[in-house]
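There are two complexes below, and they share subunit A, which is joined by subunit B in the first and by subunit C in the second.
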Partner chain A sequence: MSGRRIRLLIWKEFLQLRRDPLLLRLLFIMPIAQLILFGYVVAADVTNLPTAVVDLDRTATSRALSAHFDASDYFDVVARPAESELQPLMDTGRIGIAIVIPEGTQAALDRGETAPVGVVVDGSDSQVASVGSGYASQIVARFNAERMAGQGVQLAAPGIDARVRVMFNPTLAAVNTMIPGLVAAIVMLSIMAVMGQAVVKERERGTLEQMFVTPIRPTEYLIGKVTPYVLVANVQLLLVALVGVFWFGVPFAGRISVVVAGLALFMLTSIGLGLLISLVSNTRQQAQQLMMLFMLPSFVLSGFIFPIDSMPAAIVPLTWFVPLTWAIQILRGAFIKGSGFEALGTQFLVLTAFAVVLFGAAVAATHRRLAE
Partner chain B sequence: MNADHATEPNPEAAISVRGLTKRFGSFTAVDGVDFDVARGTIFGFLGPNGSGKTTTIRMLTGTSAPNAGQARVLGEDVALHPERVRPRFGYMSQKFALFEDMTVAENLRFYAGVYNLAPERFAEQRAYVLEMADLKGRENELTANLSVGWRQRLALGTATIHDPELLFLDEPTGGVDPVARRQFWDLLYELAGRGVTLFVTTHYMDEASHCNQLAFIYNGRLIAEGAPADIRHGLRDEWAAAGHPGEPTLEDVFVDLVEREGSVSRRGTTG
Partner chain C sequence: MSAATRIGALIVKEFRHLGRDRRTLAVVLALPVLQMILFAYAISFDVTNVSTVVIDQDRTPASAAYLRSYASSDFFRVVGTADGLADVDRIFDRNEARIAVVVPAGFGRSLAAGEQATVAVYLDGSEPTAARVGRGFAVALNQAYGQSVAVEWADAQGLDVTAAGQLEPRVRTWYNPERRSSDFLIPGLMVVIIMVVAVQQTAVSLVREREQGTDEQLAISPLRGWEMMIGKLAPWTLLAFAELAAITAVGVWFFHLPLRGSLGVLALGAALFVFCSLGLGLVISAVAPTLESANMLGLLLSILPAFILSGFAFPLGSIPVALQAFSWLFPARFMVAISRGVFLKGAGVAELWPELLTLAGYAVVVIAVAVVLSARRRR
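Entry: the complex of A and B
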């Protein structure tokens, strides 16, 4: 193996990258566009939920509870209909959630009884349904706590409620989970897609064939091909991480070593996948289609966009076969919870297995194909 | 017609092939081929598309391992020691495999680096290639912007930047106009005049007559071998007997051979 030839190949690769303005723009616009998309659009979708309050009690207590909803950023009380008008409002989509305070609520509370409050959610949007009902019960809980504190009654376990409230800050939570996921997704896109394409381009033009009748060895070629894209991916994810931490204020609670180890394993996995795709594709269009075939399920099943917890039980085992799933769990764990290697043992084990198998198989197969 | 399978490869020849065979599954692409290419000659390797030309070149350049037989290139067993032979030969494919998003100078610099040319040697070779390819003053143009004739000559330049003893040319004139083809052959003669052995595949019969030695491959087997004149003379009597006027051309000979072969094997051409 010759370091000089590897440097030459890396020089060539950067030169070609620089001459491809579309690809270069894509490599830097894509992460920024995704940051904006996921940082703002996805994070913003649970605030200002159009809400109806049906107050059948018409007492000081019911008005105070209603005011709590009004004051919240998550709910925007747009209607105070009678009970019979509720259904049409929900049907037309003018409201996403309704709070029904039954008659006799204050009376029941005064007697020291539990008073049920109805929360009606538009289930056609599962995101609104689960998140909205969650916030609604929190507001009710906070209302309870304040009422009891005002009456000098101690709540059984006030600490638990307090913690739940902090963690459920929705704007924070969405960006906080999105950005670590985005870091992993970008690694996958840049390395797997772009590198795979680069190899196929070389085959299309005949330069691959040409290089392999020269003294260049397959291993030298692979290192020369992989290094530039790994460097590019590192610049991209540094950009995303910095914007995430300093602009969106994503807290970084974890250890750098955990993030670096997780990313390194995931990069090897992505290189493997990119090479495998380049191996079975004869044209860049084929590689592109194969990529899409692989990317879409990865994004959908990995928990990058949709939480795995809310997937049907039958689907969940499928997510285990998506490497991105494990990479995202490691990055989220490290970013948000500050998890170390011990807590993420399973994830590291699985990702290591993916890296060894996919990278190993791809390098061996590429080697054989290139040498053949 | 063919050298005896039992004989050893000739170590003096630039290329010496014995019983060379390549199978892809049940399909035999190259079937027990024997030939020698003497040093300093232009060897024409002819055959229709899919007859086994490119597969043979791939075995000779060490990018494809034969299933049987041996190929000695510049005295080395190329399947065993490709790394010993590769620095000593050049290869130019029909795709003129240049990096299109790199300039003329960058392409030359890349291949000079691949062959580890010393800086002063590179400067010499670079000047020679630019002169030969008529690209002086266009060093910083992107290869993609060059027209076919220039690309072809630049490809020849990059393939010979390390001054190889042997040059493989796989259909080097495909898609090139007749004037550029003529100019290109002049360059090949010049190389041969400097003692470089040329192994050229083509399916243009007019180009075949430029070669010192020919081998015709069909369905993976050699069906004719020899100097162009000898091959033509071989058919002369039959040609006259069949009532054709004049001398048979190389094209007549090969059409005749293919028809005879086809009626025997009924395999037909592939691809």
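Entry: the complex of A and C
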């Protein structure tokens, strides 16, 4: 093992990177673009839903209910159409939800009956539909409670006083879970994207043979090849973490050592996976496509964007085979819950296994390839 | 030699390239199917069966009955019991459950005495969607349970509690009454898939010619700039259309996606959108110096916006205005509206003409830019 040979190879890789200034710039624009998109779009809560109120009752009660919707942050009453105009409004997507207050609502309430209120949601947008109908039910419940209190109906009856408390992330800001996940995703994306191309590129250009005739050993070749991109990835994720903490105000509750250990294991896993792809591919395009084939299930199944909790039970075991799943659990645990090594024991064990197997396989395969 | 012959020859060449690289072809064809299955089965925004632990410190029939109401709900899945508050921390830390319900001692006695009984519900906020929905369900469950306890009690006391009228929301979901996520995702998914395939493939096609030095051979051939564009675009247009047809077929027959509008409008929108995507890919191809940066630029300019700024899975209604404006720079958003409109709402040209017109304008502009840029590059 010669430090000089490794340094020279690292230098060569950096020179190569510098020759493509666009790529270098993109490597740093990419994480920031992802951060903004994920932080502002994916983590956005559903608010100001364009809402139509169809008031067929035209009484003080119906106006009060409609005012409740208007006053809430979730709904933005943009139209008060007749019932027949509802369909075209929703067809063109100008409204996402409609509240229909039937005729005779106030009269029914005054008789002490239960009166229905129609809530029509646009099912072609499933998040709007489920969140919107939930909020609408909440507003109706609050309206009921205020109405009862206003009438002085105070039953001296038993009841349940439920104190509901959200732990770790009391504001329920989605960006707080997004950023730790994004850190892991960026490691995977940038390391795999570059490693996947690394060996196959030299082979395509015929420079791999030149490597063989130099005195460089496989291990040295590997270290020299990997180091520059690991450095780049580290700068990227530092950037993301800093912007996350200082711009988006993501709290960091945990220990740095947990994060570093988790990321190191995950980097080894990603390097291994990237190298394996590079070694089995004949052209760079194949490597690129094989990577997409890996990347996509990782993003969908890891719980990075779509919570594992809402996946069907049959799918959940599949998520265990995705290394990103475990990395994200470690980072989220450390960032949000302040979990230590004891609590994340299983996650660390699984990720270590992934790292050993994949990185080991990649090293063995590189050796075989270079020895040929 | 006529323009048609020249273009034809280039198309044949592109198809030979495709046919030679069987693995690329297999991946290009398999990726959409894989995506479709993954998305349709794995993604759902309806949170159910959230793991819950119950902590019964009261141990009376009343507390047992109260906790049974969690077990019988669709939302909570009771996975175990614990002894004290200290266990809650450990359980949340290890991701063993996301919700903990604590019934303190004295619960049964308070209810029997006609008082308010206190319970505590703890939610793990590290999964905000689940926690937000969970909070709503917990409040609703407790309200309903409290009401039934009160009514029972009042009944026993011989009081009349029906005096206060109540409003009751009746939710109807249009276009997708069962709220199946496949109905919602598949129309948007085809947009993402076309974007991925069309942009990524065309983005590298010119760069590859350049890197392999074959662009000079093309340059000295009698091919004109626009002829080359057509020759480069045609095979991928065909491939994108084949994938579109496959996705539509699998969606309609396998996932029972309703197709309420006209196939013609969908095909028109798709054609325009394919041209936009290919144009975007060619622009990238003309700008990027190497294959790596072409790939990266393709990711940045096509796949990321198609995935996130198209409304395919994430609603765009509440994002900041600046990003809102930004999303109009990418064609995906308009195509998602068209696709969803045709499939789920049965919309036609009368409803969708603004989107169709925008796509047409976009296609013309982006292909013109691509021709100009690559002509400058060749010079």
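By definition in this document, the second predicted complex is superposed on the first by the 247 of 372 C-alpha atoms of A that agree within 3 Å, B and C clash if a C-alpha of one lies under 4 Å from a C-alpha of the other, contacts with A are read in each partner's own complex, and residues count from 1 in each chain.
Methods note: contacts are C-beta pairs under 8 Å (C-beta built on N, C-alpha and C of every residue); 3 or more make two chains touch, one makes a residue touch a chain.
Remember, predicted model here, so these are calculated numbers, not experimental data.
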Partner chain in contact with A:312 - subunit B first, subunit C second, else both or neither: second
Which superposed partner A:214 touches (first subunit B, second subunit C, both, neither): first
Touched partner set for A:5, first subunit B, second subunit C, both or neither: first
Touching partner for A:206 - first (subunit B), second (subunit C), both, neither: first
Partner chain(s) touched by A:257 [first = subunit B, second = subunit C, both, neither]: neither
Partner chain(s) touched by A:20 [first = subunit B, second = subunit C, both, neither]: both
Chain touching more of subunit A, residue-wise (subunit B, subunit C): C
Subunit B and subunit C footprints on subunit A, overlapping residues: 20
List of subunit C residues in touch with subunit A within their complex: 21, 23-24, 27-28, 30-31, 34-35, 38-39, 41-51, 66, 90, 92-95, 98, 110-133, 135-136, 138-140, 142-143, 145-147, 149-150, 153-154, 159, 161-177, 179, 181, 183-185, 187, 196, 200, 204, 208, 287-293, 295-297, 299-300, 304-305, 308-309, 311, 313-320, 323, 337, 340-341, 344-345, 347, 351
Sites on subunit B touched by subunit A in the complex: 61-65, 83, 86-87, 89, 91, 93, 95-102, 106, 110-111, 113-116, 142, 168
Parts of subunit A lying in touch with subunit C, wherever the complex brings them together: 20, 22-23, 26-27, 29-30, 33-34, 36-38, 40-42, 44-50, 65, 90-93, 96, 105, 108-130, 133-134, 136-138, 140-141, 143-144, 147-148, 151, 153, 155-170, 172-174, 176-177, 193-194, 197, 282-286, 288-290, 292-293, 296-297, 300-301, 305-307, 309-313, 315, 318, 329, 332-333, 336-337, 339, 343, 346
In the complex with subunit B, residue positions of subunit A that touch it: 4-5, 8, 12, 15-16, 19-20, 205-207, 209-217, 371-372
